[in-house]
Amino acid sequence: MEKATYKKPKSLAEKEFSYCPGCHHGIIHRLVAEVIDELEIQGKTLMVAPVGCSVFAYEFFDVDGTVAPHGRAPAVATGMKRAMPERMVFTYQGDGDLAAIGTAEIIHAANRGEKITTIFVNNAIYGMTGGQMAPTTLLGMKTTTSPYGRKAETEGFPIHVSELLKETAGIVYLERVSVSSPQEVIKAKAAIKKAFIAQKKGLGFSLVEVLSTCPTNWGLDPVESINWLNENMKKEYPIGVFVDKVGDIK
Amino acid sequence: MEKATYKKPKSLAEKEFSYCPGCHHGIIHRLVAEVIDELEIQGKTLMVAPVGCSVFAYEFFDVDGTVAPHGRAPAVATGMKRAMPERMVFTYQGDGDLAAIGTAEIIHAANRGEKITTIFVNNAIYGMTGGQMAPTTLLGMKTTTSPYGRKAETEGFPIHVSELLKETAGIVYLERVSVSSPQEVIKAKAAIKKAFIAQKKGLGFSLVEVLSTCPTNWGLDPVESINWLNENMKKEYPIGVFVDKVGDIK
Amino acid sequence: MSEHLLVAAGFGGQGVMLIGQILATAGMFDNKHTTWLPSYGPEMRGGTANCTVVVSDEPIASPITNTPNELIIMNIPSLIKFEKEIQSDGLMVINTSVVDRDTIRDDISIIKVDANAIAEKLGNLKVANMVVLGAYLKKTGAVTLEGVKRALEKKLTGSKATLIDLNIKAIEEGMKSVT
Amino acid sequence: MSEHLLVAAGFGGQGVMLIGQILATAGMFDNKHTTWLPSYGPEMRGGTANCTVVVSDEPIASPITNTPNELIIMNIPSLIKFEKEIQSDGLMVINTSVVDRDTIRDDISIIKVDANAIAEKLGNLKVANMVVLGAYLKKTGAVTLEGVKRALEKKLTGSKATLIDLNIKAIEEGMKSVT
Amino acid sequence: MSKNFVKIDEERCKGCGLCINFCPKKVLSFSDKFNSKGYRPAQQHDLENCIGCGFCYMMCPDAAITVFKETAEV
Amino acid sequence: MSKNFVKIDEERCKGCGLCINFCPKKVLSFSDKFNSKGYRPAQQHDLENCIGCGFCYMMCPDAAITVFKETAEV
Amino acid sequence: MAERIMVKGNEAMAEAAVRAGCRLYFGYPITPQSEFTEYMARRMPEVDGVFLQSESEVAAVNMVYGAACTGHRVMTSTSSPGFSLMQEGVSYIAGAMLPAVFVNVVRGGPGLGDIQPAQSDYFQSTKGGGHGDYHLIVLAPGSIQEAVDLMETAFRLADNYRVPVMMLADGMLGQMMEPVVFPEYVKLDGINDHSSWALRGTDGREPHKVTSFDIDPVRLEEMNTETHKVYEEIRSKEIRFETHDLEDADYILVGYGTMGRILGSVVKMARKQGIKVGLFRPISLWPFPYDELKKAAKGKRFCTVVEMSTGQMVEDVRLSVEGALPVHFYGRTGGMVPTPDEVFKELVRLIG
Amino acid sequence: MAERIMVKGNEAMAEAAVRAGCRLYFGYPITPQSEFTEYMARRMPEVDGVFLQSESEVAAVNMVYGAACTGHRVMTSTSSPGFSLMQEGVSYIAGAMLPAVFVNVVRGGPGLGDIQPAQSDYFQSTKGGGHGDYHLIVLAPGSIQEAVDLMETAFRLADNYRVPVMMLADGMLGQMMEPVVFPEYVKLDGINDHSSWALRGTDGREPHKVTSFDIDPVRLEEMNTETHKVYEEIRSKEIRFETHDLEDADYILVGYGTMGRILGSVVKMARKQGIKVGLFRPISLWPFPYDELKKAAKGKRFCTVVEMSTGQMVEDVRLSVEGALPVHFYGRTGGMVPTPDEVFKELVRLIG
């Protein structure tokens, strides 16, 4: 007998995503929702959406949620978690949000070992506002605010969030993943799950960086975008586990 | 014939320091002034003082200077340097200023490889405001806002600025020093000199972290403070060169 | 009509913004008063998008309107959203290649263009927007073809200049399609 | 005087703030109206510091004054700063152990206490401030000694409670020093 | 129809083509029609060869796909 | 007085004692008097044994010390 | 119980907040309010509350936002530059209609200014230092005792209306000590039942969403309109002020906060000399007692507003009296506090 | 030269700034002003200027502070939430008396709000969103052409008075395109000679110090007083406004920015129907044309203020007319723009 083996997870709301065709935000949302379902924490979870394309994320998950001011999701989540220590709290943030304006908040949440989880979506660009340079934008990459290609001399270097965060003592799980193929999707989900488990165990701060596409602002179609990510982003931002103080699960 | 072999450097203003007796801020000021004298850049240098005990630093150096909002000296210095690229620009910042509220600004200035120099005075406490916990405060240390001793569980861990900054691609000179003995003072001066030379050569961002005392808020006399620094701070914050892209000088 | 209050609406990538800009710029060359104002939907770039163009003989008070008298409709959500707002006796130009349903309004003029098909015949699906613009111009005469040509020259510069002819061709085909 | 507008000034570590707090708290126990207001100099903690204490039979409008009628002076910069401000006929209490110069004012009463010497005799230099307070109280009777004792009990608690007696002794010695 | 097949929610689908690209059996393709947003949704044109691997589901950014797979009752 | 000696600016000095502590020759000590801020400044009590090493200068947080050292004219 | 305790304003306000049921404090040190933060650091662990020193005021206000989302009593305190940094967050909190309490212990400005008392943040507090149409309820205590008493009011108003409340103090109130009687501990049961909207985990119910955001202007306007209905209700119900010697007065002095207290002395001095002066002291600065002041001013010769600023509240006074009598202004800035004497002299000068 | 070009408001303002001699731009993207930042990214390298995208608006305003310390023409642009984040920096810039230009392309608020046009940052801009007594000169253009023309004025005022200047635009002005004629490039020689105070390296002269700080309240008050003398001078010299059809009018419409332009249409509609309405459009919002509006309002039946807010400038209008005639208010919020029709209807309703 056939059964729906793969289907939209429960924790995902009915509302259709507002993302552009082929944008990885949707894949990542689904993975988070699957993890919430599997850990059976839907009723206990609070989420903090950022400003960015995923500003509507608080409507896409069937959990209590809010939108933080740009970059401040880790502080908002800290306030929530301290008020409700027995709840699961996660933030979902883009690279402009987390690695530019929100630098101080993410570093200090990590350093405090705040018992929250952050899903960090790195697409090397400001998606929502129309394709401006992010701190993560690759050298040479043209964006609307680096129209001649990013130059280290004037615009600085791509910032490596996971490499920075691994230096904070409060982080207990930190991995960089991608969702560029079904195999990677499976790994990404495992990483997200481990990050949530770290929080559930009260170990400290956990973060999963997901390399992601922005077909619209990269000016590529969804499939080309994945190729570009594989060829360029993975070189600058190598996939891997940076911190794992969780150990084996199950 | 005897000659004044060691005397107050020219770039130091006549104005008496406002620091407490035995506070290392004064030693560090003098070293910076000596370096400015030796590099003959007094007339070409702009300085940015922070908010903190060294808020008056802009009056203590005989160079053009201003006070930045708390934590924002690297941004202010960036604005100055971009406007006057041929000038030397340095910031002088405490650990509350740089490692708490100013986290984003210092990381991004470093990552951009902004051609400025930062003197970072780490005394593990908020001096000016009366001894509150800084991000750099050691575990177990009692301050007015960690009255029961800093606990990692609630207040997080001491933050390691140099270890974080070494992960940014734009930094060309980064060293942690102390001024707890004449020998260390000599080393500290060499580090500061190299940091300024890095800027002079237009290589990128340079920073010297100086472990420093706060006798007043540590509740110790100046000599005890030095002992405490040697025994405790150096364990948490090991002295050393983190980044050196300047190479041999002279 | 002495004042054209046009909303051109579709989804991102269909070129509705360009329709508006060409029209407004042409208006300028025709020495009319003219404004263009974009509006993006919640779907950021991939979702719905529309712009309002005013072309008028008098100075324009507001570049925004809740009650356009002209519509260019490039997809179904736009149809649903804007058919409620158009003034009676207004004009609606529909790209039927994408919009395969009818409007509920019976008090307006309607022009249907199978713009994608026409554009495909021209060898470039991207100029479907110009086909629709052509149809609109034929019906309204809001601006002169001369103005439109100058606008295209302003807009398509550098390597894109080679596309000017194709765009004009598309506009002409659009005009022809209105009978 | 029915209203005491006192400024106690010195450098950090001399305990001028404590003088003020003990006085104000004693005033409270005496059922007077009373306020204490600190002020720190630019030298943060190590530099000058002073506080203003008002003890009054009436509700206090302002805890701040530019023209105190009483001064406790614990170092030279404070002398220079505040001697200009005191009302004529006011009272100045000077710790001569540190302040080895005279005031320019000749229209006020002056009490000199060699407080450090007296305190050292008591075996603890730190209570020089209480010696000065004693001298002040002897002259002004601003608050009762009973009130001061209760204030010390409030302030010195826990391990510091053992110091209460020493402080009272210092106050008494200070009182004696005024002839 | 094989015992394995997918259902694609045409209205959720944005026609990104990722499912089509990653389907190992190439049983998916774009529809000829537009959905109400104007996208050409994906469809399963080959009803025989789906293996129920779920790759399409995993890559779908719009949670538009449900995969039905023959399952041994356990 | 030896050819090496130090001058201490009494008004700048805050009596922190670091120079005294780090002087290898122990030629420095606190004065009996207070300066106008109320600090006891450091002084050179031993006028013979200063070696002009500059340690006191290096450790002085208030730039209060000038060190004079016999120098061979070159 | 009703014991009088000699206590610093900052610490008194903090203790009052604890007694008002606040168990969540997020803040960042800044003179002249640091004792507030420090007190909370000592006190919160004693009552199983949360104290967290944030990395900045920007983080602090956002932690407050997060905690307020859960509907628990939460607060922060700061001083002028710190409050400026909070403006984006304050606007979000107001926009999302979250209850929270802010304390601003105002110091001399602008910029770094100094650490002495000032009243130059009146506009920022009452008109909205952040972007968008919103209001804080602003309460200005005139003494430490009043600050203590108003603290529970502040939390209650925040809870009742889901509007952030600001206690506008100044460096004098924060730094001075005077005898104070503390109220009893408040029992919170039910007082702040925010279960209908707060984020606490769905546990089966429909998800709650807290936001100041709606991409659709039609719906955003509806949200704004809802909020403004609440503001109207507050305007009609929550006016607070105090008057002295007004009935037979020829002249009115108007001042808020500690200045109101100093003006009290001026009134006494003047009355002793036979000058008929009265005092009008607004306690709620938003909503401002426009009508009440207008009524009070009827038939008076003039009114003089005294502020530790170059003149901010004076605009609201002018809006109240609408030209019905002359409105004079006397101000000191930079941390200078007008003395009763100098204000009295100014009054005499104005009477001419 | 006098060619008319079809251009987006954001880009037109940016180009005007370049022509006004601005060669330093620091900013952070935010809708609906991002095209401003993007334009500068393309344009500054062409004129050997500096474009730098900062890590945040907090950093941007401080980069502006730093560059302004050197006395060169410098600017930033943002939209509402971004400007809230700049408040501390703005207060420092004002306190240190530095010349700089800000552009706020206002959107719906409070909080995240939306990205549609609004006017709800009036208070923040004109009364001081940051702490302390300070002012920005605030200019509100009604059309893209006016924005272009005012841009050089903005830089000139900033230079002349050493006061930061704000161009208060809105999402409509930023996003729309209309034909514009650009002015010539300004030659800066001497116009902004700030060598007497700017930080450029001593090169032998006495060091210059730029600060908003003085620990001594006496000196800080002196600084404040100096600044306020400058503000008085600006108040007396830099009032800007426009009127239409006022002489014989029975009623006055008051609105600023793009709303002023919409009211222009309402006046026409009304006049056609024989209703005598005139328009008063303040262009400088600070200094506000109090006296001029008071004079203009003399003898009129009423005045109606229209804003895309719940009513902010209306307070300044009330302060102008001081009860001499009724002041009505009509507002839309959340990004809704009142149409000429609806305002006209409201006018008719009020006439009764």
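A, B, C, D, E, F, G and H label the chains in the order they appear, each numbered from 1.
Here is the rule we go by: a residue touches a chain if its C-beta (ideal position, glycine included) is under 8 Å from a C-beta of that chain, and two chains touch if they have at least 3 such contacts.
Everything numeric in this text was worked out from a predicted model, so none of it was measured.
Within the contact network of the assembly, the step distance from subunit F to subunit G comes to 2.
Think of each touching pair as a link: the shortest run of links from subunit B to subunit H has 1 of them. Of all chain pairs, the one joined by the greatest number of contacting C-beta pairs is G-H.
Among the remaining chains, E is positioned farthest from subunit G, on the basis of C-alpha centroids. Chain centres here are Cα means. That of subunit A falls 61 Å from that of subunit D. Subunit F has its Cα centroid 26 Å from the Cα centroid of subunit B.
A straight line joining the Cα centres of subunit B and subunit G is 38 Å long.
Of all residues in subunit C, those touching 2 or more other chains are 42, 46-47, listed in ascending order. Among the residues of subunit H, those touching two or more other chains are numbered 52, 55-56, 58, 81, 88, 92, 96, 111-112, 115-116, 211-213, 215-216. Among the residues of subunit E, those touching two or more other chains are numbered 14. Interface of subunit A with subunit B (complex): residues 100-104, 107-108, 111-114, 135, 152-153, 155-160, 163-164, 167-170. Every residue of subunit D that touches subunit G in the complex is listed here, in rising order: 21, 24-25, 28, 34-40, 59-67, 151, 154.
Touching subunit H in their complex are the following residues of subunit G: 58, 80-81, 83-85, 87-88, 91-96, 106, 108-116, 118, 120-121, 123-124, 127-134, 211-225, 228, 309-310, 312, 315, 318-319, 322-324, 332-336. For subunit C in complex with subunit E, the residues that touch the partner chain are 10-11, 14, 46-47, 74-77, 98, 100. By the touch criterion stated above, subunit H contacts subunit A in their complex at residues 28-31, 34, 37-38, 41-42, 45, 51-53, 55-58, 81, 111-112.
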